[in-house]
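Heads up, the next two complexes both have chain A, just with different partners, chain B and then chain C.
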Partner chain A sequence: MTLLKRGLTRRRVLQTGMAGIIGSGVAPLMFTKGAWAQEFCNNPTGDTVTLGFVMPLTGAYADEGADQQRAFLLAVEHLNGEGDGGLLPTFSSKVLKGNGILGKKVAYVTGDDQTKSDAGRDAARRMIERDGAIMISGASSSGVAIAEQALCQEMGVIYMAGLTHSNDTTGKDKKRYGFRHFFNAYQSGTAIAPVLGEAYGKDRRAYHLTSDYTWGWTQEESIKNATEAMGWETVAAVRTPVGAGDFSQYITPVLNSGADVLILNHYGFDGVNSLTQAVQFGLRDRQANGKDFQIVLPLVSDLMAQGAGEAIKGIYGTANWDWQLDDAASGAFTRSFGAKYGQPPSQIAQTSYVQALLYADAVERAGTFYPPEVIKALEGFEFDGMGNGPTLYRAEDHQCLKEVLVVQGRENPSTTFDVLQTVQKVGRDVADYDASIFEGELGPYDAALCA
Partner chain B sequence: METILAQLLNGLDKGGAYALIALGLTLVFGTLGVVNFAHGALFMLGAFCAVAFRQFITYETVTLDPTKLSPWGAPLEIKTPMAQIWFGDFGAVLINWSVPISILLAIPVMLVIGIAMERGLIKHFYKRAHMDQILVTFGLAIVLQEVVKAIFGANPISQPMPVELRGSADIGAMLGLTPGMVTYPIWRLIYFLFSASIIGAVFAFLRLTTFGMVVRAGMADRETVGILGINIDRRFTIMFGLAAVVAGLAGVMYTPLVPPNYHLGMDFLVLSFVVVVVGGMGSLPGAVAAGFLLGILQSFASMTEIKAIIPGIDQIIIYLVAVVILLVRPRGLLGRRGVMET
Partner chain C sequence: MNIFYLPRRDAITLAVFALVVLTMPIWLVPFGAAYPGLMQKFAIFAIFAVGYNVLFGLTGYLSFGHAAFLGVGSYTAVWTFKLMTMNVIPAMIFAVIVSGLFALAIGFVSLRRSGIYFSILTLAFAQMCYNLAYSVLTPITNGETALQLTINDPRVLDLMFSERGAGLPSPSLLGQGMSGIEAFYVVAVVLLIAFYIAQKIFVSPFGMMLRAIKSNQTRMHYTGFNTRPYALTAFVISGMYAGLAGSLLAATDPLAGAERMQWTASGEVVLMTILGGVGTLIGPVIGAWLIKYFENIFSGFNDAMLHHTFSWLPQGAQDVVVAITSKFVGEGWQLSLGLIFVLVVVFLPGGVMEGIRRFSSIFRNRREPGPTGALKTSPAE
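Then we have the complex of A and B:
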C-alpha cells in the first residue's frame, strides 16, 4: 500500500522485481534444469567426476573385497566407453552412452575398509573431504555399510551400498542418501525356508551359530522366524566373534545339543572356516533324532564355495545372483568380467558393478549431480537387463526388489568355478514385503555441504 | 558326559597351541631375560613355511585347450602342478602330505631365523630396560608381518590336511560311550599329540642332555656358569633358535585348522603372554600347564549353557583368569620368587 501511495503500481513493482532478478543473474538458474550451482557437496566443476570405492581388501571379507574392486574398475571402464560395454547394452535404461557421466570422464579413488566400520567410515570421509568424491560405494559387511551410509547422509553424498545383507541397512538404519541393490536377510528367510522344508522335512531342530554384529543378528532372526513358521524348533542360537578363525569351541557343543540342523550365520572367511570345521567334526556324517544331520549356510557366495572346497557340496543357501544364470545380461556381464580377469564374477562383483551403473544412470536421467534430484531419480525406479530380472528400487526404504536365488553346493563341479547351482528362483512377488515391518526413517533430502 | 568330553578334547587341542607358543616365550625369557614380543611372529613364520612349501610344489603350468571354451569365450586353461610333472604320482603324494612334510623345511628355516634374530638384533638389548626390549621386539613383529603380507598377500591361505586325515574319530566309542556321540577331527587329535610330543621333547632335552643341564644351570645362575669357562651365551643363542623352532612347528601344524594370514602371530601373541603370566614368568612347567588350563577353560566357557548364564564369557574368560591369578597369586601358578621382581 505504501509503495502504491508513492506512485508505484503493481505492474511497476513486478517489472522492477523481474529486472532485478534478471540483472542479478539468477534467472538462468531459475529456468535451467539442474540449476543448483555449488550448493551441494563435491559438485564436479572440471571435466571429470570422482567416485569413491571403499572395499574390504583385508580382514574377514577380503576375498569379497578383491572381487568388488575388480567390478568397480570394470564399471568405470564401461562408463567411460572403454572395453566391451558390459551391461550398458542390456540395461533397460538407455541414457548411458559410454561418455562418462553427464559428459564428464569418470575418475575414481579406492580404499580399504579392513572389514571394520571405523576404518570404512574414515576411508569414506577421506574420499569425500580430500578426493572430492561425489558418490561412495562399497562394503561387504553390513556393519561397515551402515556406518558409511550414516556418514554419507551427514555429508550429503549418495551411498550405493555393496554387499550388505542385514535387514537394518534398509530397515531401522535406512537413510535417504543410501541405496541397496543386494537382497536382505528377511528375503533370504522367505526364499530358503520352503526349500529347506521340502528337502529336510518340517520337523527339525536347528542350532544357530551367528556372527555377532548387525548382519548376523538380523539373519538369525529372519531364518529363525521363517523356519519356525514352518514347524522347525530352534534349540539354541550362539553368537560368535567376527573373524574368530577357529570355531571349534562353538561347534563341539552342537554335537550333543539335540539339534539335527546347524545353521551358520557366517559370511566370508568366517563362513568358509565354520563350514569346513563343522564338516571336519563329522557333523554331516551324524545321525540326530533319527535323521541325517544337515548344515545350512543361509547366505553363500561362489567365492566362499570355492574356499570351502568339498565341504560346500550339497549345502543350501541363498544368493543375489549367479554367473551361470542364462539370461542375456548375466551372460554379457560374465563374458565381460571373465575376459578381463580370467574368472567369472561373484555376486558381490555383480551388485557392485550394477550399483555404479545405477548411480550414473540416475544422474543422467536427473540431468544433474545434485543429490536430491539423483535420489528422486533412483526412488521408485523400475529397470531390467542387469541380471536379476525386473527390479524396483523401492522409494519407501531404498531396497531393491527382485528375484532371490536359492542355491546349493554342486556335488560334481565341472570346473573350479562351477561350485554352486541354482535350485530355485524365488520370484520378486514372493520376495517382496511391506517396508513398514522394519522401523526407521529415511531422513531429509536436503543437500549438505560435505559437513 | 559326552558334552564335557568333547569340550575337554577341544580345550586340549587349543591348549596345545597356547602351550607351545608360551613354552618358547618362557624359554627365551628364562635364558636371555628378554620379553620377546616377536614370538607370535615366529609362530606365523612357521605357518608360512608350510604355505611357501605348498605354493612351491603346487606351482602350476598352464596349457590352453583350444577345443574347449570358458564361459567368457577364451580357450579353457588346463593347470597342472609342477610337482606332478616332475615326480608323477610321487608329486601328488607330496602335495597331499605337504603340511607334515613342510616340518622338515620349517626346522632349519626357523632355527636360522631365530639365531639371526637373536644375534642380529635382540642381543643388543640385553642390558636395556624391559620396556626397550618390548618395543624393539614388537617393532620387529610388525616388520615381519608386513614382509609376509607383501609376499603372500593379506588374505588367509588354506592349507588342506592330507586326505587320509580329514575324517573324525569316534572317541566316545573308544571310551565305551554311545558310538557317534563324541566324534573329534583326526587332525585336531594329531595336533594335540604333536604338541604333547614337542613339549615332552623340549623337557627331555633340557633334563636329559648335558647341553640342557648347562642351560638350566645358566638359567639359575648365569655368572657362575660363565666363571666355570662355559660359553653360556652361545648356548642361550641356540636356545633362542630352539624356541623359534618350537613356535614355528606349532604354526606349521596349525595351518590346516585355520588358514593362516600375516596377522596370525598377533592373534596368538596376547593370549600367549597371558598364558606365561598365569603360568608364572620363567617357569616352563607353568607355561605348559597354564596353556592347557586356559585352552580348556576357554572351551568350556563357549558352551551354550555357560554363555546363556554369562553372555560373552567365552571372549573374556582367559583375561578374567589372569586378573584373578595376578590378584591372589602374583607370581603365577608355578612362578619362581625373584623373577621380574625388584
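Then we have the complex of A and C:
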C-alpha cells in the first residue's frame, strides 16, 4: 500500500531498468548457447519432428494453395500411420512404416505465402527460427519457390519445392538444399510441340502472353524454342503482370497481329481469367491466315480447368499428373484423397504429397536427419509407385525425371472434376535433357546452424 | 547548449523505449513472437512508421505512397551488396541517399497540392514506381522474381580483399555476420537512433513549424511563412526513414521484391500510424508491431492448433468454436485485423495511445482529483 501511495521513485525505476538491461545482455548468450548445442539447424531432439508447409492461401494462386494444404495434411496423416496409408504401400521404397520419421511423430506448421516472395520467406523463417521446422515444403509460384529455396540453403534446411515449373528452380537458381519433383517448362516444350504440330500444322504464327516473372519468362522461352524448331513463327511475346485480373487490354492487340495461335503462359487465376476472356472475345471462332484460330495453355491444372468451365474445351496443355491415370498408385492416391476431402486431387496435391513422402523416405534411408546425408540419399534416387512411373531424382540439378502428360480440355465432361483428358504420355527418355544446358551451381553441402 | 540534449520527459521515454526494444527476446516469448525473423521485422517496420509519422503526424500530409521509398531503399541496398560489398553500412547510406532523392522529386511535385489531392498524387507516384519495377525496369529489379544475390556478382570492394567463396555470401556489419539474433540487435540499435532523431525533430523549432502547418497552413501564409520548404523537408526526411527501413529489410534478408512497393504496403503504414496514434512518437511503433504480429502469427494458426488450444472444451462445443475462430486466423488474419481497426477508429480515434492515456487518467483522477469542473466538459453558452 505504501508503495502505491508513494508512487514509483526514480531509484526504483533505475533498479528495475538495470535488471532489464542485464537481462537483455544475458539473453543473446542464452540463444547462442542453444544454437551450439545442436550440430545442425533444428535437429529434432524430442519425440516429434516438425515439418513446415508454406502455401499461397491468398493471392493469384490461392486455389492451388488450398489443394496443396489438403495434400500435406494427408501426407502427415499417412506418415503417422493414420488413414489408409495412401501411397506408402505402392511406393517402391519400403522403409516408411507409418510410425513417423525415424520413430518420431510428424508434427507440422503451416503458413500463407500470399503468392509473394517476401511473405513466403517470412513464413519460412518463422517456421525455421521459432517452430524448429527441419524441412520446408510448398509454394505454387516459381518466384516464391526460388526465394524460399535460397533462404533454406542459407539456413541449412532442406526445401522440397511444391508446384514450380520455371526452368530456373533447378537451373540458374538451383540450390544444394532444394529439390523439385514437378516437371519444368523445358520438358513442357519438348512434350507439347509435336502434339501441337500434328493438331494445328507446322506453319503457325504464335502470339505469347506471358506472366512477368521467372516462370513466365522461362516457359515463354522454352515453348518458343520448341515450336520454332518445328517451323512455327513467333509474332510477339507480351508480358503481363501477375494477378492482373483483366486481360482485355492484352487480348485486343492479338486480333490484328497476324497471329493464328495464342499461347497463354499464365497459371492459376491468371490462366483462368485470360483464357476465359480470350474465348469471350471470340478468338476461337475466328479465322486467321486461312486457319482456325487456336489457343494453347502450356501448363494447365484441374483446378484451372474447373475454373475456366466451357472455355477449356479442346485446349491443349501439359500436366505433371492427372487423377484419372490408371496405374495403381494414382488410383490409391485419388481414393485416399477423395475419401478425406470428397474431391479428386489436382496435380499440385500429388506433387506436394509425394515431396513430403520422398523427404521422409530419404531420412529413413539415411538413418539421420543430418541434412547433408539426407541430400545424398535423395540425389540420384530412383523410385516408382508414386503415380508418375519410374522416376529419377537427378543428382546434377535435383530435378525429377519422369513422364510428362499432354492433356486436352474434355469436350463432354461427365462430372465437374472430369475436365482434362490425357492425349499422350511422353516417356521419360523423351522428356529427359542434359542438366548442363542451364547454368547455375548447387553450392556446398555443409550443414548450417540456422544461418 | 548541448546538441544531444533532450527534455527530461523525452529522455525518460527514450530510456523506457530502449528497454522495451532491447528486451524483446524476453517479453515476446509468451506471445510466440520471440524469433529473430519477426523481431527484426518489428524493429524495421517501427523505423518505417516512426519516419512516416514525421510527415503525417506533424504536418498532417497523408501520403499514400511511402512504400515506394521502402522499395527503392531495398533495391539500392541489394545493388550495393551485388556491386560493391556485403557490408551493410554502405548499403544503408546509399539507400538513404537514393530514397531521399526520390522523395525530393516526388515531394516537389506532390506538395503543390494538399489534402486528398496530395494523397492521390503520392499514391499515383508509388503505383508508377511499382509498375515500372514490374515492367520497364525489370533489368534492374528482376520483376516478380525479386532481386537476389548470385554467386557471380561483381562485389568489387569485397573481392579486392578476399577470394570468392563456394556459397552465397551474406550481409555483414564490419565482419560480424548479420543473421539471427545479432541482426536483431543491430536493427534495434538503428531503431533507437532513428527514434531519438525523431524525438529531436518533434521538440525542435522545425517540428513546431511542421505542427503549425498541420493546424493552419493559411494562417502561416498570412504571417509571411513559405510553408512548402518545411513540408518538403519533412517529406524527404520521412522518405529517408523509409529508405533506411528498406535497406535494413535487405540487410536482414538480401532480397528485394516489387511487392514491397505495392499500394497495399503504403496503406499498411497508414494503418500502423492510425492504429497506434497519429502524432505521438510511440503510437506508430505500437501500430507497426500489432500489424506485423497479426500478419506473421495469426496467419500461421491452423485448425490443428485451434483444436489443441480449445481441447479443454467438450467435443461438440470444441468443433463449433474452432469452426468460428478458424475464420479469423490463418488466411483470415486480415479479417481480424480489419475488425480491430474498425473498433479502434470508432472507439479510440487517437489510436492505442489514446486508450493508454484514458486508462492512465482513470488512475490519476482517482488518486488526486483535479480542480473541480476543470476537466468536465460543459455545453457552451
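One rule holds in what follows: the second predicted complex is superposed on the first by the 414 of 451 C-alpha atoms of A that agree within 3 Å, B and C clash if a C-alpha of one lies under 4 Å from a C-alpha of the other, contacts with A are read in each partner's own complex, and residues count from 1 in each chain.
Definition applied: a residue touches a chain if its C-beta (ideal position, glycine included) is under 8 Å from a C-beta of that chain, and two chains touch if they have at least 3 such contacts.
Bear in mind the structure is a predicted one, so any value in this text is a computation, not a measurement.
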Requested in this report: May I ask you to decide whether A:Gly290 touches chain B, chain C, both, or neither, giving the answer as first, second, both or neither?
Outcome: neither
Query raised in the report: In the superposed arrangement, which partner chain does A:Pro344 touch: chain B (first), chain C (second), both, or neither?
Result: first
Requested in this report: Tell me which partner A:Asn273 touches in the superposition: chain B (first), chain C (second), both or neither.
Outcome: first
Query raised in the report: Touch check for A:Thr58: first (chain B), second (chain C), both, or neither?
Result: both
Query raised in the report: Now for A:Ala236: first (chain B), second (chain C), both, or neither, which partner does it touch?
Result: first
Query - Which partner reaches more residues of chain A (counting touched residues only), chain B or chain C - result: C
Query raised in the report: Just chain B (first), just chain C (second), both, or neither: which does A:Thr334 touch?
Result: first
Report task. Classify the contacts of A:Pro444 with the two partner chains as first (chain B alone), second (chain C alone), both, or neither. Result -> second
Query - Contact residues of chain A, present in both the chain B and the chain C interface - result: 57-58, 62, 239, 241
Query raised in the report: What residues of chain A sit close enough to touch chain B in their complex?
Result: 57-58, 62-63, 66, 236, 238-239, 241, 245-246, 248-250, 252-253, 255-257, 269, 272-273, 277, 280-282, 285-287, 307, 309, 323-324, 334-339, 342, 344
**Report entry** chain C to chain A touching residues, read off their complex
**Finding:** 15, 19, 22-23, 25-26, 32-38, 41, 131, 134-135, 138, 143-146, 148, 151, 166-168, 170, 179-182, 185, 253, 255, 257, 259-260, 295-297, 299-300, 302, 304, 330-331, 333
Query - Residue ranges of chain A in contact with chain C within the complex - result: 17, 20-21, 23-24, 27-28, 31-32, 35, 57-58, 62, 108-112, 116-119, 121-123, 125-130, 142-143, 146-147, 150-151, 153-154, 168, 173, 211-214, 239, 241-242, 441, 443-444, 446, 450-451
Query raised in the report: Mind pulling up the chain B residues that touch chain A in the complex?
Result: 2-3, 6-7, 9-11, 13-14, 70-74, 77, 154-156, 158, 160, 166-168, 180-185, 187-188, 257-259, 267, 298-299, 302-304, 307, 311-312, 314-315
